[in-house]
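Look at the two complexes coming up: chain A is in both, with chain B in one and chain C in the other.
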Partner chain A sequence: MTDTQGAPAPFTAETFQNQYLAAGASVVDAVVTVAATDDTAGDGAGAADQPVADATPAAGGRAEIVVIDTSGSMGSGRKMPEAKAAARAAVDTIEDGVAFAIVAGSHQAWMVWPNDGRTLAVASPAERAGAQQAIDALQPAGGTAISTWLDLARQLFASANVAARHAILLTDGRNESEPGHRLTAAIDQCRGLFQCDCRGVGVDWEVEELRGIATALLGTVDIVADPADLADDFRSMIGASQARALPDVKLRLWAPQGATIESLRQVAPEVLDLTTTGTPSGPLTQDFLLGGWARGESRDYHLRIRVKPGEVGDEMLAGRVSLVMADGTVATQALVKAVWTDDAELSTRMDRHVAHYTGQVELAEAIQSGLAAAKAGDTKTATVKLGRAAQLAHESGHRDTLKLLAAVVDVDDAESGTVRLRPDAGKAAEMTLDTRSTRTVRLKPDEPDPAGGS
Partner chain B sequence: MATCPQGHESATTDYCDTCGAPIEAPRDPTVTLPAGEEPEPGPASTTCPACGEPVRGRFCESCGFDPASGEAAPTTEVTLELEADRAHWERMVGSGEPAFPAALPALRFALTGDRATLGRVRPGEPVEVDLALTGAAADPAVSHRQCEFERQGDRWVVRDAGSANGTWINDASRPLEAGAVHPLVDGDRIRMGAWTCLRVRVAAPAAD
Partner chain C sequence: MSVPDPLPARPDTLGAVGADPHDADVDVLAAEPGDAEPGGPGSGGATGSVEPIDARAAAPGGTGACGACGEALRPGAKFCEACGAPAGGPGAPGPGGGGGPRPVSAGGACTRCGGEVGDDGYCTACGHRALEPVTVDDRGPVASATHRGRRHERNEDAVALGATAEGWPVLVVSDGVSASPNPHLASAAAVRAAAERLAGRPFTGEADVAAAVAAAQEAASAQPADGDPLWDGDGGHPACTIVVAVATDRAVVAANVGDARVHMLRARDGDWAAVQLTSDDSLAARAVAAGEDPEVALASPGGHTLIAWLGADAPELAPHVVTRPAAAGDLVVADSDGLWNYAPTDDSFGALAAELVPPPPATGDLPAAEVAERLVTWAIGEGGADNVTVALAPVPGEPGDADTTPTAPKAAPSTASIPTEPDAATPAVPDAADGPEDEEGT
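Showing the complex of A and B:
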């Protein structure tokens, strides 16, 4: 797996594509699989990959912030007590030495812990106990202005010199106490400064709103329909964050002069459109933030580059994907090529990875537009879209999504995409399907090539 | 620093970091054929001793004579008629290239002997299949070795020969699996490439 002596490369990358283009064609598609090397035998400090990088001793360390909605609506049902239990569980899971804070949010945000003027506490038994007492004392009141929550979290993170910064944001309602542009601006200011997992409890929050925050801040979004499940969820989010040993990884994409990057999407484990998030890092390169990585983790990216069409027989490098570590070193790279041919048998072949993920992205879009149509009362469009979704989920073996779909539509025939909207579908079922629509499945290695090739 | 064929100075030495051109000598100016499709020199073009037409495959395409055995072909039972299939094209291509053909030559293959392979032949290349799609009949998305026909007892079957885009039987939603055979029945449509359809005609052996 490694071709160097000493520490193995922290990342590997592999390209899947059909590099052959017909004369005059200009669009190059490729799927790049990036994997963080599973180096559990190392010293576990995360610095094993930088044997000579002694110039960045402060690069270690992490900070966790838990933001809890304490608006008035949290006072209904079991939401507030379960949210408190979840925050306490999160605090329990934070390892000794990790900087942390608890923030409460309504139409404004304030510090729950530490509450003595410090910005962040350093986890210890005494600090955990103090935080849990303060959490217990929370009372629901006020509106919802999420921009103030993000602003405070950003300022707290900015006060700490740590490599990995992660937040959990829990809300039960819409961002209704401020104009939408305020939230958009706050999200933009947080981009790249911390990762944020978002959770909606109950069914009165907006999937699009939380997805917007989670997507921009490289976190996950999910519904917790039953507040009793919150504590487990918080525990696993903090656990996953602490497992990310490789912070602030960037994908650097080079494309030749005259080329355009049409799209760059993460397509596994879930769909995340990165196209507009790049920042120029050179005359022909853009950097895309990927956040932190756990060892052994792997993600797939689908990129589409438009190049100047070449002559038959020409070969060209259409893209160079590099993985850049927090200290600026390039961990690995993958090449995307274009070769022009007059052999249509070669150029019309579609790479099975590209085909598979094109289907998975269409699946997510079909679910989202189908649910939007259902919400707007357009039963016909909703039935067609959700039928197409059932068909795509069936074809790709996406059992989880098929199961979630079956709670919203009666699937008469998944193969042909024949479904009927269920009049009894609950709001929680629709929101669960919507929230998880972006989760994808990988191509099964033994699946026959849909194009019938060998 | 390397210099690419276009004259750009490049920090990367594999491909130019400005235009992407390969910096070492271009690997292969012509497209590399996938393994197993290396063209072999085919049999020299001959003239059918029976009817005088040029013979490029094993059998004379005009009369079915088998020059190798020197015998007239057995009574024709199965013929394949070339058609352009709009529905298949919609599924495989939909729009753009390869375009749906405006006109097609009338082409009919008779299945003779025990076995026949079918594929597309590019102009100027040796014919290595028994049933060759050439010229206007050469759907560019048909493989050079597309499918094989085999006599099994008193019937003929078709199987895919590892083609790139599959061999589709009638209205099947998937191409034939590798190794799977389909027994030919009168009226079958065998679809392949971007628009090619072979209509199967099975005639009872003529009593002569």
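Showing the complex of A and C:
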């Protein structure tokens, strides 16, 4: 189907900022909300009837690869059987016509399906049945060298001329069979070629390691503490991937001559620091890969640009955010402005969106550094950081995070950030808090905007 | 003496420069086709048609300096070391300029850095919002210039030029009150109505400028209060100020409501000296009248608060009307506070004129458009805190005519019939003070 054509504006973008700066000020903050238009309503079939076939990009469909850890440690407990069940559920969810492969990983990676020399299978009842039989035959053995898994996935994706490429990577342990730089190099090679959601099962894997892969490859990271939950999780990841009708979207950020992009972060639905991932696309523009988008999806970006200060009364375009489609067309733009004023009442206001997400980023950092300190045995720092996290979560109405925090610390007083580390905190609770620390809550739209400067 | 020739070739031609340079309305100033032949006696048979506004973009200027920040460039430099703007770009140093103020904008190029101005109005290189070119109405020795300035979203000033039946220049400037809805409509309607009241008709003196103000009040009051995207207040009526000046061959006759001004420039020791002819209807002016220092009064909070204006909710109309003897060689300037705020006293305005206006006397050779643009550009350079508008015209006649130099009477008679030349049209209505509805064609 030709989703990307005929839709008048596949994206909308809106800027929230206080554009007023005091004389001499040079830092411009803004939150840009980007939304993929949900235009399925205009289609007689209705959204529910046509999610997948219609969502397949015109330029040659999509490919899905499921990478399962089959290292020796997977043999303990219910991990291997549940991982197999999850892989089978994922295969079940792959739509007819979608290219797919199943990869097994230990200290090396190999093809589970297809297993006849082809790189990718094209989903059909027969292919799905074959894949599931092959999955059932997997046996745990060997170590863990994740770079080999990524390398194989990358080669398989490269063999397919498809527009959307997505992988799921499941592991239960650390990347212990190779030096760390091998993994870093492998991640860099995959950047921009496919998106990868990462899942850790059990509590013996490293949150930072998987977060590094997921962040670079524009995917999610989560813990599946109970292996029985894997199948549902895999189904929903494949479903979400297939709903991404708009593949390979880029954010193009123009900033004026002499300006510096201090930071560009996705801040909703979760924090993702994109600052260092930009590649120059013109003398004053950088492109940041955003991956695929589902119709109706919305994400918020916080950007901070340092410009050369203007004179009072000057108005400057401090940034222009453009959404660039896979075919290079610019879908929409949002402008970030700076107006210098001597009216302190104007310049001292903080836009509530900027304030909100600044707090959310700080919350994620407080959780991550607090947990790291606890792990290193620095109880004092851990208590301070996690106390601050409780305070921020309380202030921003981040109830889910507060609940997760309560499993790790006793919150005596959220308002003042008074907490005590729980000696009985389980590792799973800490890892859950860690992996989900980057999830953010959005502002309620009905709150008045005190800055009014957008 | 005859009707002086330094005046526009079509003496009764009348034009207005509206708030928005793209506002087509300003071209509708003239009598509609099918209207009665306009013009009173002595109109010379010319129609009241309006020429398109001659808005010219300034040419880039300056040499050896960065077009963006003015810093001196090193020889052979590709970029300005001070601000990083490219040197030698399309807006960088070029011919002309003549040492005048830095131009505000040059066509599609950013005057700060020479970069290309994008469709969204921002420079694609330095990001600064490109200032639109100054809108100039060039009628030889008579001209006007107006600009939004730096801080206001739109230009709510309006200006109209015209000439009486005698060929005497008519200058009308109006400043829309930002604290009212649709002030730009009020000011545009006001200048149009006032100029129409005077253009192409024999001029009799103060009664006529008062009648022009009355016509402006009527037009401003008729403007709608709703539909202004920039107005977020409740209620209110469109409001504006007005200043009208007619430069006859022996006196300047002016009327004003609000704080737009008429200045007369006269030679003194080989350079210009200025005198404000009009009286501001502002709290500051009131304070000055009570002995306050003008600079202090204007800088005080609320100093610019108007105590009289035009519009449906205006106080009872009581224009200040003044006649000041003048002679060929003098220069009449009508200006909004966007200009005079930066030169609020006679001394500072005179100094400004000495800097930016060619030395006296002002003659038919005066490059009025260039001067008007220079003054507006200067005000923008000073900060452009408000819309800026200037209209100017030399007092008609040949400078040095024996009978027109200094010793004119101190004050003209208050109901002022301006003495006219025998061969100019004799006023058909000696004192038409209450006849604004007495429109053309009668």
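In this text, the second predicted complex is superposed on the first by the 419 of 454 C-alpha atoms of A that agree within 3 Å, B and C clash if a C-alpha of one lies under 4 Å from a C-alpha of the other, contacts with A are read in each partner's own complex, and residues count from 1 in each chain.
To be clear about the criterion, a contact is a pair of C-beta atoms (placed from the backbone, for glycine too) under 8 Å apart; a residue touches a chain by one contact, two chains touch by 3 or more.
In this text the structure is predicted, and so the values were computed from the model without any measurement.
After superposition onto chain A, the partners chain B and chain C occupy overlapping space and clash.
Touch criterion met: A:Met316 reaches chain B and chain C at once.
By the touch criterion stated above, A:Val384 is placed in contact with neither chain B nor chain C. Contacts of A:Ala344 after superposition: chain B is touched, whereas chain C is not reached. In the superposition on chain A, no contact is made by A:Ala372 with either chain B or chain C. Using the contact criterion defined above for the overlaid structures, shared-chain residue A:Leu335 touches chain B and also reaches chain C. Contacts of A:Ala216 after superposition: neither chain B nor chain C is touched. Judged by the number of chain A residues each one touches, B leads among chain B and chain C.
Once the two complexes are laid over each other on the shared chain, residue contacts for A:Val307 go to chain B and to chain C alike.
Once both structures are placed on chain A, chain A residues 254-259, 284, 307, 313, 315-318, 335 are touched by chain B and, in the other complex, by chain C.
Across the complex, chain A meets chain C through its residues 254-259, 284, 307-308, 310, 312-318, 335.
Across the interface of their complex, chain A is touched by residues 83-85, 113, 115, 120, 122-129, 150-151, 383-385 of chain C. In the complex of the two chains, the chain A residues touching chain B come out as 20, 22, 254-259, 284, 307, 313, 315-318, 320, 335, 338-339, 341-346, 348-349, 415, 448, 450-454. The touching residues of chain B, when paired with chain A in their complex, are 12, 14-22, 26-27, 29-31, 34, 92-93, 97-98, 120, 140-144, 160, 162-167, 173-178, 194.
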